[in-house]
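What follows are several structures.
Heads up, the next two complexes both have chain A, just with different partners, chain B and then chain C.
Moving on to the complex of A and B:
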């Protein structure tokens, strides 16, 4: 069995200060990833491994009449065929908020089909090839009923009001009616998919009542809780291992139906089972971003000052599951307005329940308001950048609290400067290069600072190296690296001398890596644990009679570059290893957490296995958010309507950056995903069968290298100690927010055509 | 289909013989039978480039290649790119320096493609690199840094 425990090779470039917090240290997990040595979760090689393959429904609504498994069962190598009738009983599990299950049992294989692609059977065989071949022989008959295929289906209706989403102040309708300038438009965003390059999958192994799961996971403790509840074993009996994650983007935080099937079949067979979803199954086994519809009406003065915003939103959800994509999350805070009203409905359609995709809520919300304000700018003849400054919110208009930090003005200023915004010719269709129409667009984005409590263990080992342990994860955000930097700086060793161990639920507990909260939570926890390890080290050095510092009568010591000495520089100068040897210790270990002091074991369990204990971003006196401004140039072919993004300058305020090199990469990644959303990506539903027809990476168009121009990102953040222990705000979700509206606004500037329906494809322009 | 056949593969300069069904792809042979999991499976349909390896020095999608097809050919995977002493290939070093990856899942395929792209003489400009690297998807969006890394490595390889 392989457990992730490699000492990462030296990956440092540049000078020694790169190893401190805020330095541009190269990824410490980089050498493993570029040499192929990094073993991702379901790449573990286990003896006796059997292979499972899922079979999915080919109708969108109805019931499974019969599943004929005879041919599959007699296929060579087949060990087990599972149907709703033959799978072992699995118990209902609580949801991610910790709400108790609504059903006593859970059926990961469906008898009643509510969406095309729903799992209804599975085959386990000796080899992957045998399982695939046998699965193709399973015959299913259905009693089909009419399906609601998407939001535009006439059967879809107006949906269910979500009262908790209502936000109102002032009298928005009356102020709108009285406003001298009124604009009103409808904005649609499409169904999108996370499409991480690593598919979902897992290896499950039972040893008695102990379950080990190797599965890419954004949340080991949350998923371990689900497995424990499904199979009625204590939480401690479940170990989740996820050393590297090949991209998640919100999709890998929950144990899913196929996860239950793999774990159940492993138990039924008494053998470890590996199950990896095919790429098409990755489009229906968990939800992407829900399709949304918004109407934004703005009432304003001739000076462009907003007097009222009325916002109505709808998102699709599943027939048997609830997903609310909070569509007013940016609408209600981006601009100062004395009157505001927002309401939201959800509409049930026959789809897998939608889920989190990068900046759920903020992303579509920004598409509405950031296009609408551009329309207002055009209407009143004010520059789109200027109108944003005129309506700048000096405090949170909704919470009526001061911003913790809001470097949005600075973002507008430095982005505009680098982009050359002042050279923009205001009239649409007034800039061109041959047959290409050129358009310049701007839009802002924001994401709240989600906070939570965390814990970590820091050890100082006999050789003077430092070890950090946490069950948090690194899916490319750079957790390994920034925690190494945090521990190195806090203890006083080189980053090379820190080993960070993540991705194993046996380590110190951690909450979800989602909502851009992990870096802030974990740097805080590691800082605390490392500080206490350092205190122990210095305490030993001063007080232990065997220590070379004992005679010095010092009350503190300096630890730097792995060596201890007195602050005055007199007395001995010894390495950490020598000190530990002299006092006869082989290690120092410290646990640190940021939980409230009187927390019980129950509080801790709840904190790490549910999201119920997240701290509101408006807690106390401040409203905490990251901010950004995107300046984007598009080139639209006048004859063909093809849109290419040719230049991007984005200025972003994520507070203090723990590692700018890695933060810049994440920002660029978010911007690129936003370009995909604006121009390429769309889950296309076959209206006859309610099926996603482009459920693969050739037809669902994620951006390729050839679609992406140079992207310049500028950090305008300042440390925000209201947001986190070390001053950072969120990084990962922020940068996608505002990209699609900036592109739509640029396309309008290029062509004079307002496309309010994503993606902006050529048929909408010609 | 149950009949197994013995095939002989030369991977990263080492000979392997394995008993597999003829329908086993090179990708599954590498990942499931030979513990060479550096080569990734993103789609299994030739759509993403994560499984890119070299066969006789040319880039090939291992998911669209049967293991039996490449008997007697020189196969190089990401595990065989660095020197025997661990010295990184110029492309690997440039990927690390330019931060040309995040999750790392597309990365072995990107690197194998980039090595071939440079060897093919298709790394003469940023636009050319973007075009000839367009078959390797990266959902983390490391593209600008990948272009920078390929540009840097191409200069080092030439000089």
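Moving on to the complex of A and C:
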């Protein structure tokens, strides 16, 4: 259980209005994190805790011939050595869409190796050090087969067409052939990793048929379902606890092979087991962003108006798993074009199945189209901002529906104004400061509004405080804080008087914290639950004979600042606590949800434990997206080819902001991650071994503070009630989209050189 | 569990004796040793903790020379006023190395002894071939990922780059390493890989670094350290140069020049050819850029590290030109 009482959180610097929806309340969980009071999953102290470590394959493809565990088994402290032969039977589990398992059983330890780093054995011992030492003694022999190491492997081939990704209207090929201006270029993004500070891992404890899991999680109910299915116990028997998460970025939404091993070994031993992946294992135990290749061809008039876009994309996936990174998701909606064609293939390579990293799909997609339109602007001699306005899509070109809201023109205008874009000298390599070549680039980004249904419980307690409960999570994005603000405003109390409890699957159920949907879903659910709690409170005050308001015969009351009054201000003025005492109640409790009224129990279970019930962003008459425009200045050393970002101004449309301070912080985080993607991040594969060699945080580079300039973010959104109950769109993923192309475009402007292959490292420019 | 014994040395003599035992390793700040033990590269049988030795962390500087005790912290040396004024390149090399946290832990003695960042060297469970780790086992890097490997001083047996920043500055200014009885020039202390890449230093069983001494000079006083890398901070160099310059009274003719480079070589690399080509010449951009190319004499690339051959002379030239501008 986690309690954040803002009363104890000395984090407020503003006035009382900060606590309302839209206020700049500081993160209520901040003080606990800063002081170390916040207890993360691996910090649980349990009696009898045993320690597990994983043993990984050192080949990229082949079969395990034999695993010699004898030496490990006789090592002091060793409790259990698990191989595919000795691990208990685990049942197949349905996937995150809710599709039933394809196999009756699931083996988290592999006999057939499909990538280097795949888990093939595990050791459990009394201490972590004993387990590590024993694991080093396990001898594995293999029958190795040739591996396909990455997309550029000659053996990789063209891959498998994904028909569902095909999008076509008009006659794109013919229009391209007829266009007076034609550009065509190939753009590559590399394997990138989420690289969260907190590694993956868990503590698992069985008590009879009940399983408790302490594990950082972006989706408690989804993961609880997987554990329940693996071990054949009812969903209710599994409790996931995850009050704090040290970064997820898309990687912590699923129970993984090592999770199954930890839970299985806890069951086999009858003792709680802790398993934390090493940093190198965090590069191979779950997927980062898939490497992608795109070709973008644009046919246009001399006026820069696009007549045709032909797009072809490829992303890598695993030999034994499918990941489709939708590469045309931005290409097909950013600009108006009468003719469009996009097709996508996936190529199987020997890697762990790629996964979600901040804005999967939109992020690489924007790199292609937003660089390509910059190339077009250069080709026709039109300012890169002007060409975007000339091709502005007044409606969704793909769905042919009106935008719910699209403040992209406003984003371009206010971003350009703050950045001083009008002073840009159009010619590449025409701005410099000593040895530094200066370049200015622009790019747009977008992310769809992903929606789902949510539920929450709101209680008004005897002391007049309000409690909110949900099994949703806060990985730093601000769920604790905005739900406190929502409940405070709805019930009519100060945010200080709200306690939010999250991160325990025993609380009211919640769907995945992914796709930037949680804030919209959960503020809606809390708003509903809080409204119904307020209705109960007012109903009691009016109708209970013991209430001081009973004699007033009012038909409603006003609740503000924790006190009840009549709308006209006559009659009594009592606190919520006094009212509850007078009517003899110790609490009011209300559950609220946004599910359709006729939903069955099965519908609800599906909604919270799968993503099958997500509501399409083009449902009904509107197409719903967040939008942004990034204006970026880079400095490129003319001798060294080093690129530094020296200025960022981004204007973003996320609709209504529930808390601007937290939204700004998320936007900046996305921009920083985009700078890493553009300039630094790349999983480097040894082509002979099919193995990532920079699998640690000294060699896999993410930006440091010194790489990040002041970032100015501007909100241009307006409430969008087609997108959510309270008018917000998405915040978390939006801002990374478009950063890499804005940087690549700025590098072109600085140097005259197009780098279409991320990251833009120094050797590509010298 | 892999056990080792821990000895806390209470005198230099005791430390030397303990360190002479087979399988013994000195422990200073531990930022290299603990890291390599976790990777499974270092497997000490005895760890000899020297951090409690008295008097080994002193820093003394005057115009004629600087003496750095082996246990002086990187951060203390970097911030030392005397080092900053008499040996700016040394201070700059240190504050651009590693991170603030590491510099507060790590010692200058340990810094000289840090090992290569070659990823194959650091991952014994996946790559059994590494001549540096296991003499005669082969070299996994050749034919593999070589972006960070050396182009100078390599051999058939090993192409690992020496990553330390401090030693690059030291070798430029003829610093010496004190090992008790013996005193060696930094240039001689570090060994080329040749056929024996496992031997990186001329240090014998029972010896330890007690101090580093740097002679003062006009060139050291007017010196700088330029580190070029993709990430602005907390990354090893793609190429780096330590340069010291002394001009004649005319303010334009080069009387003395020191050039050392790193990030490109198997040991701290003194570029004497560049020094000789420029001594007595008038400092101008063309001359400097042309002469800087001599730094790459004998360079051999292994594919992905080819860019270093282009990059390093530019780093050298820019460092010299920067010093020229400060006239």
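Things worth noting here:
The rule is simple: the second predicted complex is superposed on the first by the 757 of 766 C-alpha atoms of A that agree within 3 Å, B and C clash if a C-alpha of one lies under 4 Å from a C-alpha of the other, contacts with A are read in each partner's own complex, and residues count from 1 in each chain.
Note that a contact is a pair of C-beta atoms (placed from the backbone, for glycine too) under 8 Å apart; a residue touches a chain by one contact, two chains touch by 3 or more.
The model shown is predicted, which means the values in this text are computed figures rather than measured ones.
Residue contacts after overlaying the shared chain place A:338 against neither chain B nor chain C. In the superposed pair of complexes, A:684 makes contact with chain C only, with no contact to chain B. In the superposed pair of complexes, A:84 makes contact with neither chain B nor chain C.
When the two complexes are overlaid on their common chain A, residue A:698 makes contact with chain B and with chain C alike. When the shared chain is aligned, chain C comes close enough to touch A:136, but chain B does not.
In the superposed model, A:170 lies in contact with neither chain B nor chain C.
In the superposition on chain A, A:62 contacts neither chain B nor chain C.
Comparing chain C and chain B on the residues of chain A they touch gives the larger count to B. In the superposition on chain A, A:98 contacts neither chain B nor chain C.
Residue contacts after overlaying the shared chain place A:763 against chain C, while chain B stays out of touching range. In the superposition on chain A, the residues of chain A contacted by chain B and by chain C overlap at 76-77, 127, 129, 133, 698, 703-707.
Considering their complex, residues 11, 13, 26-27, 29-40, 43, 45, 76-77, 127-129, 133, 194-199, 244-247, 249, 276, 278-279, 475-478, 661-662, 664-666, 668-673, 696-698, 702-708, 710-711 of chain A touch chain B. Interface residues of chain C facing chain A in the complex, by the touch rule stated above, are 1-2, 40, 117, 119-120, 123, 125-127, 143-145, 147, 228-235, 238, 306-307, 310-311, 314-315, 317-318.
By the touch criterion stated above, chain B contacts chain A in their complex at residues 1-2, 21, 23-24, 28, 31-32, 35-45, 47-48, 50, 77-79, 81-82, 88, 92, 95-97, 99, 101-108, 111, 126, 129-131, 133-147. The touching residues of chain A, when paired with chain C in their complex, are 58, 75-77, 116, 127, 129-130, 132-133, 136, 280, 435, 637, 639-642, 644, 679-680, 684-689, 691, 693-694, 698-699, 701, 703-707, 759, 761-763, 766.
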